[in-house]
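Chains: A, B, C, D, E and F, in written order; residue numbering restarts at 1 for each.
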Amino acid sequence: MKVKVSRKAHFNAAHRLYLPEWDDAQNESVFGKCNNPHFHGHNYELIVSVTGDIDPQTGMVIDMKELKELIKMEVEEALDHKNLNVQVPEFKSLNPTAENIAVVIWNKLRPHIAADRELEVVLYETPRNFVTYNG
Amino acid sequence: MKVKVSRKAHFNAAHRLYLPEWDDAQNESVFGKCNNPHFHGHNYELIVSVTGDIDPQTGMVIDMKELKELIKMEVEEALDHKNLNVQVPEFKSLNPTAENIAVVIWNKLRPHIAADRELEVVLYETPRNFVTYNG
Amino acid sequence: MKVKVSRKAHFNAAHRLYLPEWDDAQNESVFGKCNNPHFHGHNYELIVSVTGDIDPQTGMVIDMKELKELIKMEVEEALDHKNLNVQVPEFKSLNPTAENIAVVIWNKLRPHIAADRELEVVLYETPRNFVTYNG
Amino acid sequence: MKVKVSRKAHFNAAHRLYLPEWDDAQNESVFGKCNNPHFHGHNYELIVSVTGDIDPQTGMVIDMKELKELIKMEVEEALDHKNLNVQVPEFKSLNPTAENIAVVIWNKLRPHIAADRELEVVLYETPRNFVTYNG
Amino acid sequence: MKVKVSRKAHFNAAHRLYLPEWDDAQNESVFGKCNNPHFHGHNYELIVSVTGDIDPQTGMVIDMKELKELIKMEVEEALDHKNLNVQVPEFKSLNPTAENIAVVIWNKLRPHIAADRELEVVLYETPRNFVTYNG
Amino acid sequence: MKVKVSRKAHFNAAHRLYLPEWDDAQNESVFGKCNNPHFHGHNYELIVSVTGDIDPQTGMVIDMKELKELIKMEVEEALDHKNLNVQVPEFKSLNPTAENIAVVIWNKLRPHIAADRELEVVLYETPRNFVTYNG
């Protein structure tokens, strides 16, 4: 019996969308207000889901407390109250769009989840914009 | 790397559920309060999702601003503050259930989304009732 | 010890904002899309609050089950799945704005609440627009 | 045209996580605060989804009123305001984790849903912890 | 310049509503399903608000981190994952209604808030039932 | 009949909490992670409420469309997708705490609201932290 177990978390961060190889006009045209060179920010809401078989003894797929701690160690410690462009190595040469942030989070978590489990990341950039990545 | 990008929108509308080929008793029996001949209404909450590869340069699957504008042009302009039965051509001979409204919205959006992208529509008729359609 | 006890409820209804003594242009100018003569509608979310002393024996200000039932009898029965302009007597000559609907609901409930209790009504017309009335 | 129709419901219950074949130290180590022998409790939020073809006449996959009633009869009557460990037969020898509760609810509903329809259960144990089961 | 600063927190607990001096029939009649002798439970959502002058230097009324910590120490430690009737001294002879729990929480927090600040407690027993107490 | 009319809006911004007259250690001690010199950010949710008499003809206290437009012009244009410390004049020498941002917003709106109306601003910095200011 496969069950998907989901845990919500959140972090706050500043970011700016732009490509250094583009000039200002092109960055402004594509990224609009998100291209503000002084940065802006978001409360990112995160849902991490792990799908696997229920352990027939404990009745759990994964211990929620461990999942909560894993998200804290791997995601919140790295991203919370940070400037993504300036302070997070993965975005030194990667545009911190919601899509790319979700992929980076998935890559950070994947090695810590057993290989026979599926992993999904949902990331809300605002209450109206969100993305889903499952590898 | 395939990512699903989702955008929330909303519109308000009036509607009535009934079949003209049925008599009043049958309409009342099947559609209950939703059969009120003077109409009732809802705040419809809409989530439109587009799934595709991340553009390796911009880091985006689809520009959220373009998706927001597309929903505004194709869905909100057509349905917001309207009487679905009376003023929306698609429902002249189609019962405006949540299921049918979701399919109509999907059909309106599909031609504007690149063929290699998947499209999904989630429509909340009330905070407790919602439907999902993906073609 | 005075405590405010609140109960959420909801109802769906159709309405139209307009003044019969105004011509079409003036109604359109003031009420915009809400003036659609074929009606539109909303999921109204309602919060009814009663403030009073805690009964020292039961520990309750008012029985939540009774408050729920009162809202059902006095408000939901009268307004749910109705066309406010056409089917609700109070709006025969009163414009069904959120403000006026809140006052009408307050007036319906007030006689059923003990005189030494305060009554407040909060009415959400949409998740972004709401009004508060306390007599 | 296949559409997924979803209905939200909720129930309140007390429970305790533990395995009678384990000693106190092991139960405490694995289940932490959830192992409190005097029980604790939750407002469980439930989303039941049925996927199937739209009836071309009524425009419905399943009547929302019937789905609401089915959830009330099969799930709420059995679980609401109950102590899951003590008063619900299915958990006499099954640990009432969110995963197991979701499976029990799915098994209660499955016989009442037409065989050609898919069934999914999402269960929120808290606003931050939830599970999904679809058979 | 007086500002009200609010912080949300939550805890899960089991409880039962009844009066030992009443017989079973009277308890059942007044408290209904909440009188289940085996207990039921809730995810209590809590909003604690402190109103006071903005410190002209720091720009804060109260440090949110300190308020968060205070709620954790005084409320969550005492109530989270507990059986209110059995394990929380304040409810040994006090019916754990939402009203009484809010008053108990207010009394726990009041000595830790400066005398010239106002304190308010909002407690959600379910997403639809909540109470407010401010002394 | 006085009614309070409320409108929700939102904006995203980057900020940093610190006092230039303090050294790094003191800023770190008081403002913690919010003192990150590279900034972090939030999705600020805003509720603006205007209280006044219902116009007996239109049934409105204030036109929601005008209130929405006023918030857009005075607040969103000034703060959305901005770095509050660097790009918003009011915070050149004022720490952009939630308390101070709420006061700044109130001061921006007050001149545009009729003198006999009351004005209240609620500002959510995160879903768990918010402040209320009414002059």
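Please note the rule applied: a residue touches a chain if its C-beta (ideal position, glycine included) is under 8 Å from a C-beta of that chain, and two chains touch if they have at least 3 such contacts.
Predicted model, so just to flag it, every value in this text is computed and none were measured.
Counting steps between touching chains, the shortest path from chain A to chain C takes 2. For the pair chain A and chain D, the CA-based superposition corresponds to a rotation of 120 degrees in steps of 5. Both copies, chain C and chain F, contribute mostly unmatched positions to the interface they share, with under half of the numbers common to the two.
Farthest from chain A, judged by the mean position of CA atoms in each chain, is C.
Distance from the centre of chain B peaks at E, each centre being the average of the chain's Cα atoms. Computed from the mean C-alpha positions, the centre of chain B lies at a distance of 28 Å from the centre of chain C. The mean-CA centres of chain C and chain D are about 34 angstrom from one another, to the nearest whole unit. Rounded to a whole number, the gap between the C-alpha centres of chain B and chain E is 41 angstrom. For chain C, the set of residues touching two or more other chains reads 127. By the contact rule set out at the top, the touching chain pairs are A-B, A-D, A-F, B-C, B-D, C-E, C-F, D-E, E-F. By the touch rule above, chain A contacts chain B in their complex via residues 17, 19, 30, 32, 94-100, 102-103, 127-133. Chain A makes touch with chain F in their complex at residues 10, 12-15, 33-34, 36, 38-43, 45, 80-83, 86-87, 126-127. Considering their complex, residues 1-9, 49, 54, 57-61, 63-65 of chain E touch chain F.
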